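Pasting the structures in now, so scroll down.
Next, two complexes with subunit A in common: one pairs it with subunit B, the other with subunit C.
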Partner chain A sequence: MSLCKTRLQEERKLWRKDHPFGFFAKPIKAEDGSLDLTTWTAGIPGKQNTLWEGATYPITITFPEEYPSKPPKVKFPAEFYHPNVYPSGTICLSILNEEQDWRPAITLKQIVLGIQELLTSPNPDSPAQEPAWRAFLKEKDVYEKKIKEQAKRYISTT
Partner chain B sequence: MGRDTYLKKVLGEDRYQKVQGSTVLMVGAGGIGCELLKNLMLSGYGTIHIVDLDTITLSNLNRQFLFRKGDIDQSKSITIKKAVESFNFHGTKLISHHGNIMDTDQFPIDWWDQFSYIFNALDNLEARRYVNKMALFLKKPVMESGTTGFDGYVQPIFPYKTECFDCQPKATPQTFPVCTIRSTPSKPIHCITWAKEFLFQQLFDESVEGDAEDLSNATDNDKELENLLKESNELVELRKLVVATGEVISQNTFFSEMVRKIFQIDIERLLLIDTLWTNRLKPIPISDAQIEEVADLIRSGGIEQRLESLIDTQVWSPLENLLVLYKSATNLQTRMKNNKFIAFDKDDEDTLDFVVTAANLRSLIFQIDTLSKFDVKQIAGNIIPAIATTNAIISGFSNLESLNFLAQNSRTDSSMVFISIRPNKYVTSATLEAPRKQCASCSVARGILKSEEGTLDQVTLEQFIDKVKSKYSYSSDISIILGKSKLIYDFDFDDNLSKSLSEIGFKTGELVLIQDEDDEVENLELYIEVGLKSNDIELPELELRQKILIEKENGHENGVGKDAEEESGDVIESDMAFETIVIEDEVEEEVPAPKKRRIN
Partner chain C sequence: MSDVDGGVPVGSYSKIELKNFSIAFNLEDQDDIPNIRNVKYKSSSDHLCCAICQQPFIQPLTTVCGHTFCKECIYEFLKVQHQRSSRSRTNGSDDEEEDSGRLIGSCPLDRTPLDSSKINELFPTPLIISNLVDELEVYCLNYERGCEWTGCRWELDHHVLSDCGYTGVACHGYRTVDSVDKEENEGEETKKQTDICKMLVERRFLEEPRSKTVGDGDRDQEEYECIHKVYECTLCQARITKIEEGKHLQSSCPYNYTKCKLCFNDMIPMMNLAKHEENCGKAGHLKCPAHEIGCDWVGNSDTSLEIHLQNNNCQLSKLLPYMKNLNNKIDDLSKENSLLHRQINKILNSIISGKVTNLGYHEPMEEINRFSSELSSIENQDKLLFLNCELNRLKFELDDKILPFVNRETTARSDRESILNGLVNDNFMMKDDLNLQRALVNSLRKQLQFMLFKRNSPPGLQSGGLGGGMGGPIRSSVSFAEPESVEFFDIPSSSNSEEKLNLKL
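So, the complex of A and B:
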């Protein structure tokens, strides 16, 4: 729908003018050389002085045709280790949930900042995967070790 | 007395002539279309084009009264034309088009341009949006209409003068987050979605692998299956049981294994996550006693009798749900021996029974109301009840409201009409409002970009951008989006500048959206029309308005109310158009349910 594409171009413009330090976000390039505004890749830097620091975590953001009435779907790579991330990589976050806190006015910037916050502050009430969730609640040392290992895999290049 | 004597009296001589001389389009030859075509013909329209892509099915016949049993599998648009010839009293010329209205090859923009009025008789949002857009491009009036059960509406649309179809947001089918479906359902629809799109799919249907476009939960859950439930992989094991070579014994095994896993083990596992249940009712797994009771009944062979006495419109007991689940699951299992997979179909009893009972049993566990098979079928099958009378009333209004425009001065003071079954609100009407300035469709200037095939091969994107910028005096840089979501150029993306337009994808029927970087002027959308004899690219003559000015304009203008006042001398017509026909109580301050509006 036309609202979807004008809004996405608007988001792109907003992002260019103002985006948080260390983050990136861009539409993917299609085979024909155009940019597909409905699918973006982005990088979420882990917060400093946390287990997640030093790495930039990749996500893909898929915007449905009904966006911004409906929220985009955001995914980490499959098997991403976090209590609120499904094994498929899908993120369980209330601002991305149509039935919960999604509002059409939520910007891309707010989404990526929300995800950065989620990394360091998991929500124990919405478990999305068994291993990270259990470790987070019951075996802190295992949890920390796994997070640090994961950070090494996504080490920031800049 | 001539056949048209009364018609002339009703319409007035002038309007009669105008109607006779009109070429109109009716999109859709279904429930509303059958009624509407009859009305339009009896109103004496000169030429009516009919477009529909469907063929006639048995379930159409109860309300699409122009079709008969012998017409099944025939084209709707062609059959409807033959059906009305017997009462073509005013010599209307009927032209059928079997095809998709959104097909730009069959229906190029100059084909659309021949109509003086467009009647929508459609059943889906996508086509309505498309017709709306074409009408905005060509500034053609549209009579939009729709019905759901006892409710119905007509909305006359006068492009850029009154609200368009997109001005009011439309409800789209709801999707549910994975978390709700998989772990914490709270409504019957959650359990039905789980049963239909997750459980059924996993056990019997082909697995759908990561289609990015389709955000259905099943896609997600598919991958999660292997991972999330790594500990036991039971569903996969279950699926293996489904296709295991079938002795009778494996049928019982499959059923009891399935019930134990889905309604006991999985639930017990969820219960372990106690944080989930601090603010929610805890689910109660099915008891061993319940499972044994079913097993006993199966062994005793008395279940057929029990099943025969069940009524679709009643809510079944837990035991009855389990029995129907057993029956449908074993039937499906048997069928899997010949089929690679089975897809859910509301008219396939086994698949429906399975989904109904699995959803109900899950509802019972989560202490959610259970529903009758009839009700689940409506939801799982996305069935919208269609009622012939509603269609007939709405088609009548559709025809009637359009006649204002065919009055001598092409009046645009038609009304929206809503019908419903609520007392005092059988028929209500509302004045048309000016386009909403936030509407993504109305806030765009539109025109047609004309070109020749060869020209698109020669002109580069860079040349095109220069041309657009100077033609419309853009002061800042622009961005260009082609089709649904392809960004081909903006301030930050100049990779394609040296490519030719055809290389980039410019072709007939494609839309080009142009926005300015500084957000100062309205957006511009161009419809590409190839084929005209022209050595260059012809851009439409348009004046792009400043965004700030548009807001001011909308502040002052009072929609079409002004027109109505100027023409208030025309009493007979406004009578005919409305007042004498409205069946409405005196109470008028309430707004009709569908939308908040001013009411006449």
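So, the complex of A and C:
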């Protein structure tokens, strides 16, 4: 078994043992019914008392062959409204960037918590999409309205 | 009725595949080594886990910043980092310096720069840590196949390689194959051909000796038939192979009768025995407490059991406590034995992998062997004896003859030293005296010169001088200062030579 696979199994074990409240994360099922450990789906709940609360935002995490030496790729659904999310849904976050802050010691838990943090506190210095970034800087009310609309779309089932 | 497909004819070979789980170990080649990265741990500590793979360390290395990682993990990470940095470097300038093995990167935890070629930046973790991780309890790699073994991680290799019955090995049994369907030779109807089975089976299904002769001695192997061969169960005619035989007889053969020890019904199929015995027990059948060691008595009530136990009816029940004691002792001993076994294996392994070097000897192992073999030869022992005698003799000589002489010499030397000191003091005193004498001599010479001058001076002047009282000679000495001073210049030079003489003395 490769380093990547063993690490992912450990991640799965760790996650099942303990994970932050409101989150979920699981490997997707391949067509033949077996688990595909290299692709996970996860849900990020918006923080309480923020624009994002009340919704669980779905992400897909794809682990490359070189994981954990290289970071996983994390995506929201396409057209996700957030200043640091590319139109394709790819998240721009320093801890997920190989050239920046990625370290093999970062666990899945830290990744999802990092993303949750990013939702409520976007980084205006590294914009990834035009509309959300412009709105975030110039038209706060439009931005807030859009975020609330989005939260309704991903409303938590529980 | 049958376990195997009804279509499989007797004498053919079944195609039962070895159940392969992701981590189960198969010994296909003599050099196969179990991969402990796949091991399932029974217990573990977060502190002993590598930050990269999140598993207990395997061959840990420590960085200069104090973090510890598995060797494989940290090298893999440094490799990726190195590749990335060298790629960006070659993009800028086209230099192709590629020292293989040298990886430059940074610590995955705190980004301290690391150079894998520098032993002080990335070095083996202290043995205590690797020993701690090696001591962690693990399950057998074949646990999914049913092996119940657990033990320390360092024991795992030995267990799966040589002990575990669930390790997959090649059958290597001989098959006889009819070659009818191949080429039909005229004259011979069917030619029997032999073939070696290459399918994997769990080791426990093979007879003991075969697993040892795998790969060497074709003769031996011919005696074994491929265990995949299908034959009919002698009891129920179901078609089975050796692999399934035990399970078949235990749990599915309806005609494998045994006798119930309680009700003496001998028509109980093995598969139903447990249930039957349970029912028999409920029906009031009792066994003698000594049934474990062979008492066959059974009865229907407590009173009959009492009678059985009293009056020396049952000798075996008297032996029961003793036997139990013995059994306990045997258990303890076998436990101890297996522990010792494991420890020996550990020591052997660690010697092989170089953890314990030379068991405390200073020389390398080969040296010790060479030396001891030399010692053992008789000729050399004689030489050694002779050398010993010689050594003793020399020692004796040194003690008796040379040492007194040396002592005498040292006392004499100290005497001479004190004399010398006295002489040196004398010398100094004499030198002082000499200087005093010289000063006297100088003054005398001056006086003499003065007197000579007085005598040689013209008489007129002498008389005038007389008349002039004491003023005359003073004036004259002033007026004649020049010729006198010429003479005076000579004096220091002569006194110089005198001084030199003194110094020489």
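Just so we're on the same page, the second predicted complex is superposed on the first by the 157 of 158 C-alpha atoms of A that agree within 3 Å, B and C clash if a C-alpha of one lies under 4 Å from a C-alpha of the other, contacts with A are read in each partner's own complex, and residues count from 1 in each chain.
Here is the rule we go by: contacts are C-beta pairs under 8 Å (C-beta built on N, C-alpha and C of every residue); 3 or more make two chains touch, one makes a residue touch a chain.
Model, not experiment: these values are computed from the prediction.
By the touch criterion defined above, A:Ala105 reaches subunit C but does not reach subunit B. In the superposition on chain A, A:Leu3 makes contact with both subunit B and subunit C. Once chain A of one complex is fitted onto chain A of the other, the partner contacts of A:Glu130 are limited to subunit B, with no touch recorded for subunit C.
If you count the residues of subunit A touched by subunit B and by subunit C, you find the higher number for B. Residue contacts after overlaying the shared chain place A:Pro87 against subunit B, while subunit C stays out of touching range.
In the superposition on chain A, A:Pro64 makes contact with subunit B only, not with subunit C.
Touch criterion met: A:Leu37 reaches subunit B, while subunit C stays clear of it. By the touch criterion stated above, A:Arg12 is placed in contact with subunit B alone, subunit C being left untouched.
Residues 1, 3, 6, 66, 69-70, 98-99 of subunit A lie at the contact with subunit B in one complex and at the contact with subunit C in the other.
Those residues of subunit C that touch subunit A in the complex are listed here as 22-23, 35, 37-38, 51-55, 72-73, 76-77, 79-81, 84, 108-109, 111.
On subunit A, the positions that touch subunit C within their shared complex are 1, 3, 6-7, 10-11, 14, 66, 68-70, 98-99, 103-105, 107. Considering their complex, residues 129, 133, 166, 169, 172, 174-180, 183, 212, 215, 220, 223-224, 226-228, 230-231, 273, 275-276, 278, 440-441, 444, 479, 481-482, 484-488, 490-493, 495-496, 499, 504-505, 513, 515, 517, 519, 523, 525 of subunit B touch subunit A. Considering their complex, residues 1-6, 8-9, 12-13, 16, 27, 30, 32-39, 62, 64-66, 69-70, 73, 78-79, 86-88, 90, 92, 97-100, 124-130, 133 of subunit A touch subunit B.
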